[in-house]
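For clarity, chains are labelled A, B and C in written order, and residue numbers in each chain start from 1.
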Amino acid sequence: MTDIPKKRSLKRATFLLISGILLILGAHAWGLTAPLNEVQMGITGRILYVHVPTAWVALLVFCIAFGAAIRVLWAGSKRADYIEEASLEVGVVLTIMLLVQGSIWGRATWETWWTWDPRLTSSAVMAISFAGILVLRGMLHDPDKRRTISAVSTIIAFMNVPVVYFSVKLLPSIHQLQSTPNTVDSEMHWPLRTAAFGFLFLSLGLIGLRARVAELRAIRTEEEPDLPPVPETLQVEV
Amino acid sequence: MEQLAIEAGDLSRRYGSRWSLARLNLEVKIGERFLIVGGNGSGKTTLLRLLSTALPRSGGSLSIFGVDPKENRHEVRSSLALLSHQSSIWEDLSGRENLEILGRLVGVDIDVGALLGKVKLEERPDPVRTYSAGMRKRLAFARLLIQRPRLALVDEPYGQLDPEGFDLVDSLIDELIDAGCTVVMASHLVERAAQKCDRALLLESGQERWLGASKDVPKAWRALHRGES
Amino acid sequence: MSLTPDIVSERREVGLIRAIGLIFKKDILIEWRSKSRLTGMSCYAITLLMLFAFAVGPDPVMLQKHASAYVWMSVVTVSTLLLSQSFQNELESDALEGLLLVPVPPAAIYYGKALSNFVWILLLEIISLPFAVLLFQLDLTSEPLMFTAVFLLGAGGVAAPGTLYAGLTGRLAAQQLMLPVLLFPLLIPTVLSAVKATNLIITHDPFDQISAWFAVMCAFNAIYWTLCGVMFSKVVDE
């Protein structure tokens, strides 16, 4: 067991985690106190600093899970399986956060908690599909089966996201789709970017720590035990 | 060098943190009748399943007729047949239908009536679900013959059979050997199976305890149990 | 030096297409043998149709408006039973392992089973259709070709991912639960477009929108019939 690099990667994950939190706090202190020039959305528009980064990073984290699943299937990597498990969990939490934030914002702006907006709907589908895979992982006890089956379902669930998005987009929308301003007010640019990096670092740090937990669990339950010593040959009189 | 039917070096398989088969070295010559004996959970079935490629190995090396199953599993699988506890049948189809479908999938023409006669299985239209354990074993032997194996791996061939069935198994194994097939069998019926085989391996807790002429395996078996008691 | 030559002939190579056909015929035969199961499933689908109708209330206009949704929801719900049954037949006495050791290529097993599931789902649709026509007073005579196409594409869109996921969850104790949990999020595009297209046919497609939904269903079928074949091989081939 090589302990030193593991410790280093743990340190790196913790560092990412803490710097992520600091960046998010900083970005909010900055963004929430900046003068409000955004007329269209008003004060509720300030949810942008948390909402937009959550969306970006959630997608990115699922991309990591997808890449890890590909590595599991085509390279048989066990490490990739730990990363897949970790990023699925972080991704599901981020997506649930995203849905809650979106609902709150929707309530404030559109007077409704839920609309069948393609992005909202496909985020919900994404959360359910990936949460289902986490449940499935809990039910599979053979580590080899768990690796392949969850990798296969991750790949398919990931590829399903754009299909759901486009098919929901075809629905005649109930609500007037809110037009995203192409140019966010320049005052908001830098806090937004800072917050995005904050969420990215926080998520990567969490994935690193969670992957380590998965690995430790695997070591405890699955790691190859030493081969038993060769027993004595029986003495038989012939 | 003479080609071997089975060549295994340090062959190992683990389930979780337990080795169900460890460090097994084995060479079986073509045309040999090889017996595996051992108590419950000693690794007999695991060994047969590893040899059949139904299970992947966790460590060591294995080659069947000079081919590593990891390199060319299709070729290895085409050359062998496994008779296992579970008989690999479709429960809702009749015995005849099971054999006919298998025959087409294997790519052989079969005279099903004659084959059923050979394994002394009375033909009836009911689904296999209604068959007794002994009838299933006979059907499993018919399956084995359809696959025309060069290596036949048989797990407990005598299990669930009546004395008449024992003789049937013996004659089928003779026939396989006469056709140039290599037979590896695992059995609890040490005395009976020992008469039928050339060499034998005694397993305990997934490890080799004794390897030698099959006629001596009952002695080894007794020695093992004396040691325990 | 040949074993029972008069009874069993020499082995010939079996091509992939022939193997698919053999597995397909075998699955059709097995299900046909257990006709009572099929009758039970049809009763289930029809009961669901009636339940939906009762849940909405005896309002002919309302019922007609939502008829396509009821039809597809009952078909999708009942088809999970059909799908999981198709693997129970294979796993009950390790027949799947026997097939792999023959060796039958995993792709042949997948496509054979998926095609047979496709046929049975189609049959389920055909059986529930007259009841839907009766209960909801539908007029489907205007576009028989379109209608057939929707049914074919819908059945295909359920069968392709459904067969893979039935295989993935086949050995789980909680299969009846996990199959829909994992499968239904994937089926959203199929269900959505099949319902919309059926509805447009019933309402005589006033705005000529049906082609978009056909496009979604075709794309979905193309993606999943290819992807799931590859993935199934990965799962059983470890």
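Observations on the structure shown:
Definition applied: contacts are C-beta pairs under 8 Å (C-beta built on N, C-alpha and C of every residue); 3 or more make two chains touch, one makes a residue touch a chain.
Quick caveat, the model's predicted, so the values are computed rather than measured.
Note on interfaces A-C and A-B: more C-beta pairs are in contact across A-C.
Chain C has the Cα centre that lies closest to the mean of all protein Cα atoms in view. The distance from the centre of chain B to the centre of chain C, each centre being the mean of the chain's C-alpha atoms, comes to 38 Å.
Mean C-alpha positions place chain A and chain C at a centre distance of 32 Å. In terms of their C-alpha centroids, the spacing between chain A and chain B amounts to 48 Å.
Of all residues in chain A, those that touch two or more other chains are 144.
Contact of a single residue of chain B with at least two other chains is seen at positions 56. Multi-chain contact residues of chain C, defined as those touching 2 or more other chains: 238. By the touch criterion stated above, chain C contacts chain B in their complex at residues 1-4, 6-14, 19, 22-23, 25-26, 29-30, 33-34, 89-90, 92-95, 97-104, 238. Taken together, the chain B residues at the contact with chain A in this complex read 12, 14, 16-19, 22-23, 56, 58-59, 202, 204-213, 216, 219-220, 223-224, 227. Remark: chain A residues 73, 125, 128-129, 132-133, 135-136, 139-140, 144-145, 148-149, 151-153, 155-157, 159-160, 163-164, 166-168, 170-171 touch chain C in the complex. Residues 143-144, 221-225, 227-228, 230-231, 233-238 of chain A touch chain B in their complex. Those residues of chain B lying in contact with chain C across their complex are 52-54, 56, 73-74, 77-78, 80-82, 84, 86-93, 97, 101-111, 114-115, 118, 127-128, 143, 145-148, 175-176, 179-181.
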